[in-house]
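The structure appears right after this line, and notes come after that.
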Amino acid sequence: MSGEHDDHHPSAWGPHHWDHGAPHNSWSPLIMSVGFGIFLFMLANAFNNDVVDASYIPIVMFGLLVVLFGLIIWWRQDMSFDGTYEPMATGVPFKNIQIRKVGMWVFLMSEMMVFTSLFSTYIRYRTGLENCQTVFERGDWVEQGYTLETGEALVCFEPASHLIASSWWHIAPGAINTFALIVSSFTIVQALRYASKPVGEIDEVRRKKLVTRYLASTWLLAVIFLTLKMIEWFIGFYVPEISFLGIHEHDIKSLVAEGYTIHADHYHHHDWVDEATGATMLADITVGSSTFYVTTGTHGVHVFGGIVGLTYMTYKAWTGGYTPKNAVSIEYFGLYWHFVDLVWVIVFPFFYLY
Amino acid sequence: MGEHKTIMGKDLYWMNFFGLMLLTLIEVAAVGLDLSPEATGLSYTEKELTLFILVGIGLPKFIMIAAIFMHLWGDEDSKILTLTALFPAFFIIVMILFIGLTHPESTTGLPEWCRPGFYS
Amino acid sequence: MNKEKIASRTLVIFVVLLLGMVAVPSATSLPTGVAGVKDSGCNCHGAVVSDSVLPILDGLPDTYNYSEVYTLTLGFTGGPADPSNINQGGFNLWVSDGEISVNDVSVQSWNPNEVSHTDAGNDQTMWTVDWTAPANDRNVEFILHVNSVNGNAGSPEGGTSGDEWNRISIQVASPTEILQQANPYTVLTTLIVVSFVLLLMVLTFIFYQNNPDSFDWENFAPWVAGWLTTTDHKRVGTLYFLAGFFFLGIGGVMAILIRIQLMEPGNDFLTQDQYNQFFTLHGTTMIFLAAMPLINGAANWMVPLQIGAPDLAFPRLNAMSFWLQPVGAILIFTGVFSGTGADTGWTGYAPYIVSETAHSGTTMWVAGQILLVASSTLTGINFLTTIAVMRAEGMGWMQMPLFTWSILIANLMLFLSIPAFGVGLIQVYLDRVIGTAFYDAGSGGDPLLWSHLFWYFGHPEVYVVIVPAFGIISEVIATSARRSVFGYRSMVYAMAGIGIVSFIVYGHHMFTSGMDPTLRFVTMLTTMLVAVPTGIKIFNWLMTMNGGSLVYRTHTLWALGFLVTFTLGGISGMFFPSMAMDLHFHESYFVVAHFHYVLVGGTVFGLFCGVYYWFPKMSGKMLDERLGVLHFLTAFITYNGVFWPMHRLGVWGMARRHHTYFISVDEVRGVDGEVITEAVIGALPPEAAGWNMFITVSAVLFFFSNFLLIINVVISLVRGKDAPADPWGGWSFEWMTESPPPTPSFGKFEHGEWHGLPTLEDANEHIAHEPSKLAEWFSRLMVADKEEVEN
């Protein structure tokens, strides 16, 4: 292999000659695996049982960089993919369906099980633990002494929706996110539509422009989604005075600023004040908040994965890489992206509204 | 790709998109508005009524995305891909039943006849 | 600089990084980091070491008497300490054996092995403690640290500036001279390093043998790079086999260390703590790092060949799922060598797994498992897609070879169940790392949730490792009996039945955990149901042999051995579904005997059988039959010697996962004068000691008997006979290609499409023609076109 570059053994670093079938060699799998290993290893060193050791953070980042490096090799090999090699199924019942499309659906089967596991956790805790609001309304916590004064907290389940659904302003980021995802679902099918318009029906320059534009807007909407999520979780926002709408100037606190964190073992909602005695109820809500942050966080990680994929696809579209011949690639990504939207359709009502 | 299909003369994707937006608006409204009078009329608590509305709206949204955006309706390969997508249904049901809905306090929540030291 | 140079240098960098990853955890996972008190000194005071401080430790004998109490006087002279200061000094005394007890307020005890001064003891330079000598033979080591204080605690420079410390170490011999005891970590580390070096040497030797003339770095680097970057299903399969056999050896070494510990009652070769880590890693290694890669190796090699596909559907993803495994393995083994490896058992039960008392290596065990979950998911996508879509023209579902069916069903089970495990692992990882509260019982977290998520995956998982063995045995018995397998359809439905039922039986692992009683009842019934499809398979194999005439090759012997041991394991398994029996046998050696009978006698024997059967196809060389038969005979006999007596130990009440056991020879008589030897609570009858010794001896023999396979393989690779395309007279597609097969395995990719892919008519594969209502219904469900069904 040294020096000779015959067509059947193209470089393992990419780019690849797709007219000879799938890549024969690639450094990407090895490098990415090592990157993931470094990342998980160093993350556990950086955050160990709530103790943060910042000296490990650069190595965590280094692990991610290694993953990115592997990913770039993967993409380099894929950039030249023009649809010449689009293997079709030979076996019934999938005969003549693109193999990669079947593969994507099989992958989505596993994703369904991932989110089912998270939902099972949620249902188990939601049904098994008493709801904090119910406990508060029952009122016997006063004589049991779970108050701010004694500093003792009772265990109950506090859904994030108790804070979020308490006002229109708190729902706003989540609701906008819902719309952002639906719009992005729409823009990705539009990208697919223009990429797959038969040659001659559409001007090639216009095709390139439209596909790039739609993919880029999908990317932008995904970034908006994560940004709003960060605002909702950590940052909060400011509402200016708009007198003719009757809106007063005030701050909307983020969930973390409201005390709704995974460490909230002495949490109190601002409404939890007993009218008769003036006592404030204290609750250990860490299970409820963990469930909320990890489930919506897992969804967020999937959105982030989509952003990573969209970055590559937008770049490829910008170089004019999508033709009717390989437009199905956009469909495969689209399937994943719609699935992420689908999960949000369930996560949003159960974690943000109910 | 489904682009030849239309609903009421309009483009399928557009109509689906508008439908989804509308349903989401109803969802947010159902949570934000005070439904307690209606809930009392139907002898539910407000939370229960909200949940019913959310589930009731979630289902068509789910189907709209899967059927139209994910091409599980109307294409030549839709049938087999729908079967593929529905394959985990059994396993999902098992998981929800066995893991989601078995009470975490079952150790203390056992019926009396099942606890140690019970002799009839 | 040309590309190859860049490639090889990058490789070196990654090797260094990998080694670094191994080294860092060993250092940081020590209880107090690298600078532990035992080894380096008073880092708590951060002062400088000085020779002017003279530690004193008086009152120690040269050799101790058993259990005698010695009063020790310890302290120091010199240094900046001055009687006029408020504080003069402090100390820390550590002893390797015996117990130190405190007899005044100036000294406090950290644990029986370590004492230190108190605040009240700060103003003196001499202290006294009592040391109780051990009751058995030990070479005892004392390490004393003393700190001489200059008393400027209140000054602006801080309390520790100017303090000086020093240390001494004193050895006390035991009454009778003893030999230095082996450190199990050293044994393990040495064996792992030695095996790894041997592996590398054998690989280099094979490279040399390929072409002795080109044995230089210029040719070696691209050869290694070619293996590291390969996406060819056959090469990835070989990598899986290499990794699998390597870890099978490591898991075996751990098993031997465990058996040495259990050789005699009350043995102390391993401490409790070491024992916990060793059985945890033995289980994890054997299931996830040995059995699964070996199965994946066989599947990678044979599935595309058997269905007539040029390669797997996603070759690069396939390489990805392989490379995640060694990286995961490194994470899993993190901390073991410094004594802080995972100590949770392979089930990692909550809440212990999220507690701070669990070793720090547990976090890395979880991280490694997350990578293995990712690997299995990718493997699942690949194999499910490949088998569903890339079958040769004319090969319907019911014409697939049974091994391919078994891989399809195993991967379906794994694929649909492993997300539950993955989510559970991520929850545990986050609990341990950023402090979420999923399994924090104090905050309402539910430890049973972990058991549910784990066993929702774990039970399908144990079938995932046995079902491929069913497939291999079906192929081998059919070929050896020189007829098609009896009841092909019922074989397929039985496997599919096992696959579906496996998801609703998992509760039988949790009968004693206090889960929902309804679920207990349901899973009890479904577990009993599992025996039905398994029984169908056993009878079908017997009937296959009944109608044919058996050719006794090595793989045939392994298949027959499998039938015996797997059936025995299946029968002992039938004790567990019944709740009443299960409560009695729970956590006993009966369980250990059962699952080793099905996992070793089932999976490992099945895989050995597959190796002997397919090795000529994979390598193009024949294996030596005489060595093979010797391997079978020694392994089969010693294997039964290891695990059969465990049934009896379990019934006697020997507990699993305990680092030792005790026997009682006291004769206690019951009311009717009968002898009750087990009267001492928890003690076993005296025969148990003999049986345990027997098991250990058998285990060592079993361990070494498997080296015959390695020797056989190496000899065969170096100077074996060339294998014909079809040495055993098999019918399926893999025997139609050359040995070893070309790349791509079938057909040629030209002008954007594949040419020359085989069709089923090319093979003599037995086609199941029996029409049945169920089969028609399934065919319709799968929307097969008519001509395909009729084909």
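As written, the chain order gives the labels A, B and C, with residue 1 at the start of each chain.
Keep in mind that, in the parts below, a residue touches a chain if its C-beta (ideal position, glycine included) is under 8 Å from a C-beta of that chain, and two chains touch if they have at least 3 such contacts.
Please read these numbers as outputs of a predicted model, since none were measured by experiment.
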### Message
Taking the touch definition from the header, please name the shape of the chain graph: line, ring, star, complete or other.
### Response
complete
## Note on the structure
Quick note, more Cb pairs in contact for A-B or B-C? It is A-B
### Message
Closest chain to the protein's overall Cα mean, using per-chain Cα means, please.
### Response
C
#### Entry: Distance between the centres, which are taken as Cα means, of chain C and chain A, whole angstrom
33
#### Entry: Interchain centroid distance [CA atoms averaged], chain A/chain B, Å
20
### Task
Calculate how many whole Å lie between the centre of chain B and the centre of chain C, each centre taken as the average of the chain's C-alpha atoms.
41
### Query
Which residues of chain B are in contact with two or more other chains?
80, 88, 91, 95, 99, 102-104
### Task
Please list all residues of chain C that touch 2 or more other chains.
416-417, 420, 446, 449, 453, 782-783
### Summary
Where chain A touches two or more other chains at once, the residues are 93-94, 97, 102, 106, 109, 113, 116-117, 120-121, 124-125, 128-129
#### Entry: For the chain B and chain A complex, residues of the former touching the latter
1, 3, 13-14, 16-17, 20-21, 24, 27-28, 30-32, 47, 50-51, 54-55, 57-58, 61-62, 65-66, 69-71, 77, 80-81, 84-85, 87-88, 91-92, 95-96, 99-105
### Task
Using the touch definition up top, name the residues of chain A that touch chain B in the complex.
93-94, 97, 101-102, 105-106, 108-109, 112-113, 116-117, 119-125, 127-129, 161, 165, 168, 171, 175, 178-179, 182-183, 185-186, 189-190, 192-193, 196, 331, 334-335, 338-339, 341-342, 345-346, 348-350, 353-354
### Query
Across the complex, what residues on chain B touch chain C?
79-80, 83, 88, 90-91, 94-95, 98-99, 102-104, 106-107, 110-111, 114
### Query
For chain C, which residues are in contact with chain B within the complex?
416-417, 420, 446, 448-449, 452-453, 456, 500, 503-504, 506-507, 514-517, 519, 781-783
### Query
Contact residues on chain A for chain C in the complex?
1-3, 11-13, 19-34, 36-38, 40-41, 43-45, 47-50, 74, 77, 84-85, 87, 89-95, 97, 99-100, 102-103, 106-107, 109-111, 113-114, 116-118, 120-121, 124-125, 128-129, 155-157, 262-263, 265, 284, 286-287, 289-291, 293-294, 298
